[in-house]
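Below, each structure is written out as structure tokens.
Note that chain A is present in both complexes that follow, paired respectively with chain B and with chain C.
Our next item is the complex of A and B:
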């Protein structure tokens, strides 16, 4: 291109292109600031106030936090969520892995199985919750129906304080398994066939290949699934809300459900915000600890 | 007793037949190379020996015993993969000792055997490293080391050098030959590179589309190829082919001619009872026997477009001659280095080969 072919006006035309960049970024940034950052900052402030959404928040210092720490229901919800984590995270990891290993065998039914395992993930938690309420029904539920065939007594899955947390966990595992399954399957299919064949020639049978080759190679994706699942389980809400609303007697309650109740039902926004900050702190600590436990060697 | 025997080996994938009956008897300590163009079934044959593919028909005997129903690990074979297939999460020592670990060999004994293999391959300083910390050549040696540790009856190599650069390939070729001499084990080596085949093999098996074209020593294949395919495949640059016609057959030899022949007809002073005047034949001349500005009687004149100079020898390329390219050699490149244009080339008549209309070698 010659000098004359580039008139001065062409250079000034370049300026709006800079602005275009900001405009594109703004499409993301402005909603993010407005709907994420601002509420978080505001919530941080509200946590130190008493506020019922009508009128101005009234500053109460750390009263909400001291109240939360001595609230029996808060302790219950936080203890429950740790139990949820202990059941759901291993459940999702193990069953997701088993499902992926099964589908990866390429047996005749594996295409059907793939859909079956992944389908729950794309269905809303509400639907899953309702399906499982029906499946786990003490008198008419399918699960108890089959347990009866095995000669076992019906279990009051969602209506007893002993079982409700487990009932909700079962539904959660089934729901959350889809994503873990897909991630595991992708990782499995990424393992070079040569490696498994070399191991076969080296004398490793199926189980040994799994233990010595496949699982070590999947270590990064397994630790990712555990981390993501733990964070998501600490925030468990929809299943609890739909299936038991935290009951009976708070036996399946979770922090977010209790936060929801404090804010939306009882209009204690200050108290709810304080609880949210406590949950945030818990997630932060757990994630941090987990990073050390499962980090790459 | 043969170390490895293939008996009527066949492989089908559904309707697609990939191996059409492979028979071979390999002596203990022999270095056998399967060579052939890509897709001819070399890897499939090797994987069948290894036990990674089932046999559609036939049988495989290792050390005299059928291994048809024996899993790979108990066949007494070790395989070196083209991709090396090193376990990325294990150190070199762990990679090499993995098979022993699977066998339940105690740790101390394992370490001893790994150390011995590492010494043979000069891998001692690398034992604590992971594969990703190694160069291509080192990975290759680890892959070979992993095979050596098992002390197999038969070593199997599937294009083991194809991921290396040219210089390393030559060096590893030499190391492989030395290794073979040092441990004296039976080796089956697959490659599409005829130079590797020629330099490494005791005997070469030339495959085409799942069929054996010829089995023989490198010099056998070079001097006495059974047909045009083998003649064209073995030797670099490739043999030149000229479609020709028999003029006369007599006690003095066979006289042939073809379009573009100068100073002809070309007299090949060898006997053939199978040929008669008028037969269609193919004349085969290796570039080393077609000499630019040589002093033979008969020859061709071809438009040389470029020269390939290798120092000790030079090759002239004439892509536009008749139906195909002609490659000729010169002891000395005429005049200036870059000489192109119409040039006379003459045949070393006593080295010319003749193939019949079916492609089989006449002489």
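Our next item is the complex of A and C:
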């Protein structure tokens, strides 16, 4: 067989390409590339430009990043989001776990309680925000009304620089707790009963069973809930936008709301993209640190 | 800038206004006659009580032109996303033909040729500019862009105090002798303020701890005291900064010294409507809502607090957006001209005072629509509504009617006690100067 004949022979022997597979994959791949990958790449490019939709983006190098790092409002928003994380993540984790432990007891009405604990999660964040604006109103809100019964002064939940971040956090915990609750409940129901019963026979009381058996076995789920909640909290927007719009004096602002303002209100898309990249970097770092801290040993 | 309530449109009011609308085409205005039917796309952010009146204006236009080959399709776009959507639409060649704008806030759109200069189109359409007030024509122009007109003025708005008459009478005050000076204003506010445990439970002067209300109050008082955000030639920021600092102290005193306001109000419109405040300076877009809910209030001229009586001026108007098919401009301008010529209903029931001298001179102007004791100050008060926008690229950062621009955010630190008035003024001066230098 001559040298020249080899390629033809190879072509004849080659496995035919099954184009049908590519067609099936294309239904996912093409929209994914168009609507996920391409916008991310374009956003990365826009971060190094000045652009307000009309006309071509003008290359400004790292100016947007430099400006962001010296922007007092950016520092404030990033500081706030870390505070949100410190309040909301433990809040959601602890209250979600307590709710799951309560429902897992199988006491009467636990099915109703399960619905109540999960219900807020299916409501949109905007509705949650509006409801909590009413509940937390300083003068006429229900929360302050009941605090007055306890002899406590009304708290300016959303109108004071000292309280607004806490007010938004309370609403967020109530809203986000539903998902954590469901995940914890599923994990609790997966714990082998014989382990708990054996501990009980050995004389371990409820608290000891919780500390030495339940919580260690739930560690992977707790780790997952903390990670998911932290990422969710770092992206907090709707509650802030609806309840305080970041105020007063930026005391409840968050990076996403500031990005929204930079892009949609001020039309500084380059600056907003730079902020988004900085937020992405923060989420990445915090997630890695967290995974390291709560890793399986 | 609207409150969501039902429109005030009594049968007689509507018939009176509709009569004027329908009669106008017979009074010498040009008639449309197009060879090819055309549907103009109109974007509007007016979604509440004033929006219902505007929809009736568009319906009236479509009814008057049903056999003339031109119709308007009205599409609502949320106000906050409005400009972004316009930019996107223009960039993709899908821009609406015309839409609402606020005078002085669109310098960037003018620079980027998103909105069209209208001088030639206005002249060709036969719209009589001499019938417009000088202030409205001036406000529609951008000096930095050949001083061309970029909008057709539709309504003139100012901020004037609406006062709860039930509170006035309960406090033993005379509703026929409203406060005209800063001292009288504070005296009225103190008389109507209610307190419990040392805290204000009903504000004599409706205020919020952040956002629009303290910002615009500062803006008005500062200008009355002689402060200017930008010099007349738009080259120097913060003329007479001491007056600006003094105005900040005046606002702070409402909360901390006179105790006639509380920072704890979250929704000022709702709070005034439910009697949580007695004096509320706001715009004519609130009238329909409060009248319909039966609130017993009257509107008065803004007092002279700082030495020169001034108040905030805002002008709404219609802008034409850049089209790929330039043949659409003429038809759009014709439609805008018709809407302007027939804006009697809009400026008696909808919003604001008319910029048209002929409409103001209409003998029915004071009796049609919302009662004059509620609407009159918004019309007569235009004479001292002289605090205009600063028509530069960063104009939105200068506006005093904002809850989230550079000005509002800087001042929020003062209201919250985190910065001194002098520090805030220094920051504003530095930032605004950069903006003015940008052009």
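As a working rule, the second predicted complex is superposed on the first by the 277 of 297 C-alpha atoms of A that agree within 3 Å, B and C clash if a C-alpha of one lies under 4 Å from a C-alpha of the other, contacts with A are read in each partner's own complex, and residues count from 1 in each chain.
Going forward, a contact is a pair of C-beta atoms (placed from the backbone, for glycine too) under 8 Å apart; a residue touches a chain by one contact, two chains touch by 3 or more.
All values reported here derive from a predicted model rather than from experimental measurement.
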*Label the relationship between chain B and chain C on chain A in the superposed model as either fit or clash.*
fit
*Superposition-derived comparison: chain B or chain C, residues of chain A touched*: C
*Should A:238 be classified as contacting the first partner (chain B), the second (chain C), both, or neither?*
neither
*Should A:204 be classified as contacting the first partner (chain B), the second (chain C), both, or neither?*
first
*First (chain B), second (chain C), both or neither: which does A:217 touch?*
first
*Should A:192 be classified as contacting the first partner (chain B), the second (chain C), both, or neither?*
first
_Just checking: does A:227 make contact with chain B only, chain C only, both, or neither of them? Give me first, second, both or neither._
neither
*Please indicate which partner A:104 is in contact with in the superposed arrangement: first for chain B, second for chain C, both, or neither.*
neither
_How many Å separate the nearest C-alpha atoms of chain B and chain C in the overlaid structures?_
52
_Footprint of chain A on chain B - complex, ascending_ = 50-52, 71-74, 77-79, 81-83, 85, 87-89, 98-99, 102-103, 146, 150
*chain A - residues contacting chain C, complex*: 52-55, 73, 133, 137-139, 153-154, 156, 158-161, 245-251, 261, 263-267
*asked:* Can you tell me which positions in chain A touch chain B when the two form their complex?
replied: 192, 194-195, 197-204, 208, 212-213, 216-217, 219
*Sites on chain C touched by chain A in the complex*: 80-81, 83-84, 87-88, 90-91, 108, 112, 114, 197, 199, 201, 208-211, 262-266, 276, 396, 403-404, 409, 412-413, 415-416, 418
